[in-house]
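First chain A sits with chain B, and in the next complex the same chain sits with chain C.
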Partner chain A sequence: MVSEVPNTYQGAMHARQKDLMQDYQQALARSAAGDGPPAVYLLVSGNPVELIHAFGLLPVFPEIQALQRAVRHESLPLIQEAEARGYSTDNCAYVKTDIGAWYRYSRSPSPTVPPPGLLLANYVGCQVYWQWWEQLEDFSHAPLYLLDVPFSRSRDGLPTPDDIAYVVRQLRELIPILERLSGRRYDPDRLRQVLQLSRETEELWSRIKWLAARDPAPFDAYFDAATLMAPLYVLRGTAAGRDYFQTVWTELEARQKAGQGPLERENFRLVIDGPPPWPYLRAFRDMFARWGAVFVASTYSGVGGLWEFGFRHQPDDPLTTLATHMLTWNVPNQNLRQRYDLLSRYLREWHGEGLVIHAVKSCRLFSSGHGDMREYFAKTLKVPTLLIESDLADPRYFSPAQMRTRIDAFMESLISSRLGRDAIS
Partner chain B sequence: MAGVLNTLSLATDLPGLAAQVQEWLDDPQLSLMSRLKSLYQRPAVGYFPVYSPLEIFEAAGVYPIGVGDVSHDAEMALGESRFPSFVCSIVKSTLDLGLAERLRVLDGVVFHSICDAARNLQAVYARNIPQQWTDYLHFPQNFDSPAASEYLASEYRRLMRRLDAWTDRRMTNDDLLAAIERYNRLRSHLRELYRFRRMHPDLLSTRVLYTLVRALGLLTVEDSLDLLTYARGLLTRQVPRTRDSVRALWIGAFCEKPPWDLVETLEEAGIAIVDDDIGLAHRWFSDDIPLDGDAIMALATAYCRNAVPAAVRHVPLGDRTAALLQRMQKVGADVVVMTVAKFCEPGLYEYAAYRRVLAEQKIPHILIEFDEHMWMFDKVQTDIETFVESVLLN
Partner chain C sequence: MGYVAGVDVGSTQTKAVILDEKRHVVARAVVDTGSNVARAADRVIEAALAQGSLSPSQLSYVVGTGYGRFRVGVGQEQITEISCHAKGIAHVNPAVRTVIDIGGQDAKAIRLGEDGAVADFVMNDKCAAGTGRFLANAAEVLQLGLDEIGPRSLNAARPVRLSTVCTVFVESDILSHLARGRTVENILAGVHRAVATRVVALARRVGIEPIVALTGGVARNIGMVEALEAQLNVRLFVASDAHFMGALGAALFAWERAQGRAFAVKDQ
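Let's look at the complex of A and B:
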């Protein structure tokens, strides 16, 4: 069953994404050169990028820049630079990649990235976020606003009225700060327009994710979805973003109808929890692809927002809808029991045959409790489950041979259990 | 002593008292807690470090137990199996204590948002130990916002409703004010002990003080007051120990408990600790909480406005590092000893910031990473002795 199956599909969506992201990079470079709107640094988890677009400001996601550096194999020297300055080997490698870059370039993390006009720590789930932004405040002397979003605490994950009121009130405090930075008055109608565009994008993204529930899945909902996340977070709330996801939807739906998937043959449908090991992205993908394994659902593709279960931004109540998104409808702010429910639903409704849990050293939010997750799925739900460990940006924690051995053993066990089931039936 | 402590035949000297308290904390069966629970005749609620609103537990008439204060020196197979290798020990040991039924004395446990690793512990604990109820408090971090204290008050009221329903009684504002008054007194006692230690580190060792502070995690506030009053009465009987040492501010061990021997190693190597951030659950407020008006609002406002420095609480780094230097000056510390629990991200980020400013100010400092299960101290001893010598000789 093992075969080396390269994934070389390149469609119009890929070409369009390349153009869009180049446009974005150019906008960053212009702003860095002093010709363009000020930059607001914010974080991916449950991001309120609509508010930034409504003021015509430029969103910058240091996490995305860190992961791009990791993909290009540029993260390790920056990590080591940060470690030489006192950051621990046990600190998040995204943070160290970024901080290493700040030490290297001093004014911002890159000559083509503008320094922050505002550090917006949208503290959604990950505590390291505000600790990271504290460091950036120290380096950049830019103002920091810590948008504190209470973690989902109840079994059903519903926020309390006090949770919503607290976040809305902070958003109201943030608005004058954005007004000063942008030189624009807050225009609720403009925000509604942005949210309407987000809503349309979210509808498309939801339909795209549900495509992977079909047989065969027309794309890999982990590896391919991860590459779609940059436009989803940077361009959500813009017409360009909405149009781009229309292209993606049209193309992937056509591929699905034609029975085309990301691999020549879809042998296994898997679900995965945890971020990718970016420095070894291709190698990691190939370790599954060689078995014909496709990820049909992933929690990582829901870090910025979960839209496949019906949530859409509501333009008629802009601040409450932004708060609801940050509080409830993204993976990082959900508690671990909710994540178990989410994964169960992915396995059931996306027809996953097994669960891969990728624990990454950098992200305790994702990984703390992964042993229990394995226990729950393997022993309680009897789902074939593989737990593997590496890191999202630090290549020193990825052992290709060991990783491959474990993945191979898991895939072989899936085959054995299929054979066992066949023999019984 | 009016409380239950007079039934425990306390030792009559400080080292003896510390040894006795350590036995309570190290007892694998945690039998003292069961005994106290039956004496108190109260339901028991565990709380996770670093901070928890103990005043609310007291007002609710429950027996609060610091799950981070009891020792865990056994194999941790159960806890290890549920968390990756790169998660700190206290998360694993707390779950391990629960899974091994060593925390069966507890009826419930309250967790909160101190870090990403601990945050997921609540869900894992709740799933695996369903016979105990759990809750999770979100402590706000946006202290620039006036909304933060109001939000925290709403969280506290949510917890109160839950405790009221569970204990079948109704906490009043007067109950809360009375509880705050008791904890104000306790914090005042602790401040006095810390002041004494600052002036006479040769008479009150940190090894003894650390033991007493951890003991508070096993006692009600009234018994905690009794214990500290009793301990203060023993201070005058101490004989000073003269030796070369450097006055140190000890920081970083604000959550996971450092092993007894680590503290002993520091002091034996010539570190005279004059301030620290251990046992913050009982030392969280730098001043008394006002005893009038809306008690819950006062408690929440104090959290946002009047808390001691802690790595798990957002403070701009510039303010944080300035506070460190002011604190050194206030307590007369010449060096900083930073012990950070292995894999503790908040502590490690704070260290990176402190290291920069301490280097700029040419203040000697040393970092030691520890684990609550650490049992070999040879390297730490060598590192600390070398550090002390270099400070004394220069």
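Let's look at the complex of A and C:
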């Protein structure tokens, strides 16, 4: 029986991340205590965090807050609190975790998180999310701005000039709201500087993701990449963020050159679609690690932005570039055909041997179509494909024994097919 | 090398198969799993050893499978029931390409490649609809033995259509049909059809390619075999020891290990 030990690599990047995220948490706590810039609540999908930084405001991502609670095993009582108030068991567990926390703390979802100065619903692909923001408006009485970003619907997946103009016009409407909240005039040069820092961060992030295409991958592009997402979304557009990703790049590239990966040995290279089961993150990771399976690419790490295929923010045309990012260059706003293409590229160019699809009960947006996706990859492309189901924040939907049987059987089938190929050759 | 064994700890029954050096079945046993899973594994091994007049020291390798595979105390290795059912059936009939396995709590469909290895598989979700549990509940409501329901379902003239495949709600569904004067046979035929519909939908997800085999405890139910055949429009291959297929596959893996043929990726 295989039993790979996940390595416990802790480098300068981990120490630096801890410091940076601590600084951020402290900034949130100061703001919550009335000392510091107001907070703008925004959604991860294709987030325009640059605009928030350009006004010196504090970005807060309630999804990240909710997933952190799930990792700390704090989500279930909050979910149950929301359900006791009438939220359906079928509703998104991120939403219920946050709503439950608002019921508990009333002024904001946590004593150390400031209430919103503005609720920016920058992603409308998920209707539950707007309603989440509407509920937060009701709790906080903060202004709500619903930024309507049309879903990708052209055949090539690219936005039409009208789509771009439509989003740019809304960004222009948003600017006076941000001016009032921050007390600062809109300064296009300041936004250009922020976008330039974002651009440099994006270049580094793209290079980091391509490192995982090499043999061996120096990090797990699902489990490890997920831990890099908080700095990527919170600090993108800041010098600290850019410098941090420089550290990550330098360190991971050195590890790759030294043949070091996230496990003692990389036996399998897999690609994964879907968010992680946060309450069981460690157990879920171990179920793959014990087989020496490393995720070399994941769609989840592209939720906030897809940069590995060349898109970079263009400081010359700030509002158009923000709109283009929100419209196209993030996984949630892409259509299913684009997702298939994306996964196919990950399998081909990152040398994935199999595809794991993790459907979550909370997120219909990510999970509807997973049955068809399984059929397409397994039957049409003949890629070994595993479809498993649980949830991103609700621990009640994760069944460890069932999950393990499916994963073990999948890994056994990969081994059998390798042995079969060897026997044939 | 002596003898090898496979132990399949299922939710309802625990099965063991012992093979000799030539891969001939020399003993097999089945016990009810009950609440003490580890004890069931011990008991089934004891029973199989007794049947083969063997002592524990004569077993050179034991593989555990099934949901309780990690509770097989004498097991040197654990392999999932998906791989084991595939292994067992490919040994018994190498021409099989699709395996439908219906156990006490789960149902799975496995597609086999040319080499008999698992090419694809799907399992039911965390729901016992379409499993042996559904049939057991129906039998209980009708106060019949599990071995009676299959044969009696074949005598139905006008099978009822159940409104649910939910194992919990099937009871009230059956009671309402009884209240409307439907015969036990017609109700049983409806029950078997409902399970077959659910299982066939599962099997379609891996692609149904003949020869199709039925394994697992439910393979002993003739009503289920016929209901599946009617919906699939193919004859099923049902081995005489179909419910031992997981244990047989585990024993075959054990035999390979005893031969020094490894499965683990590390040793490739």
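Criterion: the second predicted complex is superposed on the first by the 421 of 425 C-alpha atoms of A that agree within 3 Å, B and C clash if a C-alpha of one lies under 4 Å from a C-alpha of the other, contacts with A are read in each partner's own complex, and residues count from 1 in each chain.
In this text, a residue touches a chain if its C-beta (ideal position, glycine included) is under 8 Å from a C-beta of that chain, and two chains touch if they have at least 3 such contacts.
All figures in this text were calculated on a predicted structure; none of them were measured in a lab.
Chemist: Identify the partner contact of A:Q402: answer first if only chain B is touched, second if only chain C is, both if each is, neither if none is.
Modeler: After superposition on chain A, A:Q402 lies in contact with chain C alone.
Chemist: Should A:D23 be classified as contacting the first partner (chain B), the second (chain C), both, or neither?
Modeler: neither
Chemist: Pick one for A:D189: touches chain B only (first), chain C only (second), both, or neither.
Modeler: A:D189 contacts neither chain B nor chain C.
Chemist: Is A:E179 touching anything from chain B or chain C once the two structures are fitted on A? First, second, both or neither.
Modeler: neither
Chemist: On chain A, which partner's contacts cover more residues, chain B's or chain C's?
Modeler: In the superposed model, B touches more residues of chain A.
Chemist: Between chain B and chain C, whom does A:C92 touch in the aligned arrangement: first, second, both, or neither?
Modeler: Only chain B is touched by A:C92; chain C is not.
Chemist: Touch check for A:L336: first (chain B), second (chain C), both, or neither?
Modeler: The answer is first: A:L336 touches chain B but not chain C.
Chemist: For A:D138, using the defined touch cut-off, is the partner it touches chain B, chain C, both, or neither? Pick first, second, both or neither.
Modeler: first
Chemist: Taking the superposition as given, does A:A378 touch the first partner, chain B, the second, chain C, both, or neither?
Modeler: second
Chemist: On the A-aligned overlay, A:Q127 touches which partner chain: chain B = first, chain C = second, or both, or neither?
Modeler: first
Chemist: Could you give the residue numbers on chain A that contact chain B in one complex and chain C in the other?
Modeler: The overlap between the chain B and chain C interfaces on chain A comprises residues 371, 375, 389.
Chemist: Help me check something: in the complex, which residues belonging to chain A touch chain C?
Modeler: That would be residues 1-2, 265, 267-268, 291-292, 371, 374-375, 378-379, 384-385, 387, 389, 399, 401-402, 405-406, 408-410, 412-413, 415-420, 422-424 of chain A.
Chemist: What does chain A use to touch chain B in their complex?
Modeler: 85-88, 90-92, 95, 123, 126-128, 130-131, 134-135, 137-138, 144-148, 150-151, 153, 160, 162-163, 165-166, 169-170, 173, 335-337, 359, 361, 363-365, 367-372, 375-376, 389
Chemist: What does chain B use to touch chain A in their complex?
Modeler: Listed in rising order, the residues are 80-87, 91, 113-124, 126-128, 135-138, 140-142, 144-145, 147-148, 150-151, 154-155, 158, 312, 314, 316-318, 340, 342-346, 348-349, 351-353, 355-356.
Chemist: Quick one: which bits of chain C touch chain A in the complex? Just the residue numbers, please.
Modeler: Within the complex, chain C contacts chain A at residues 67, 77-83, 113, 115, 117-123, 125-126, 205-207, 263-266, 268.
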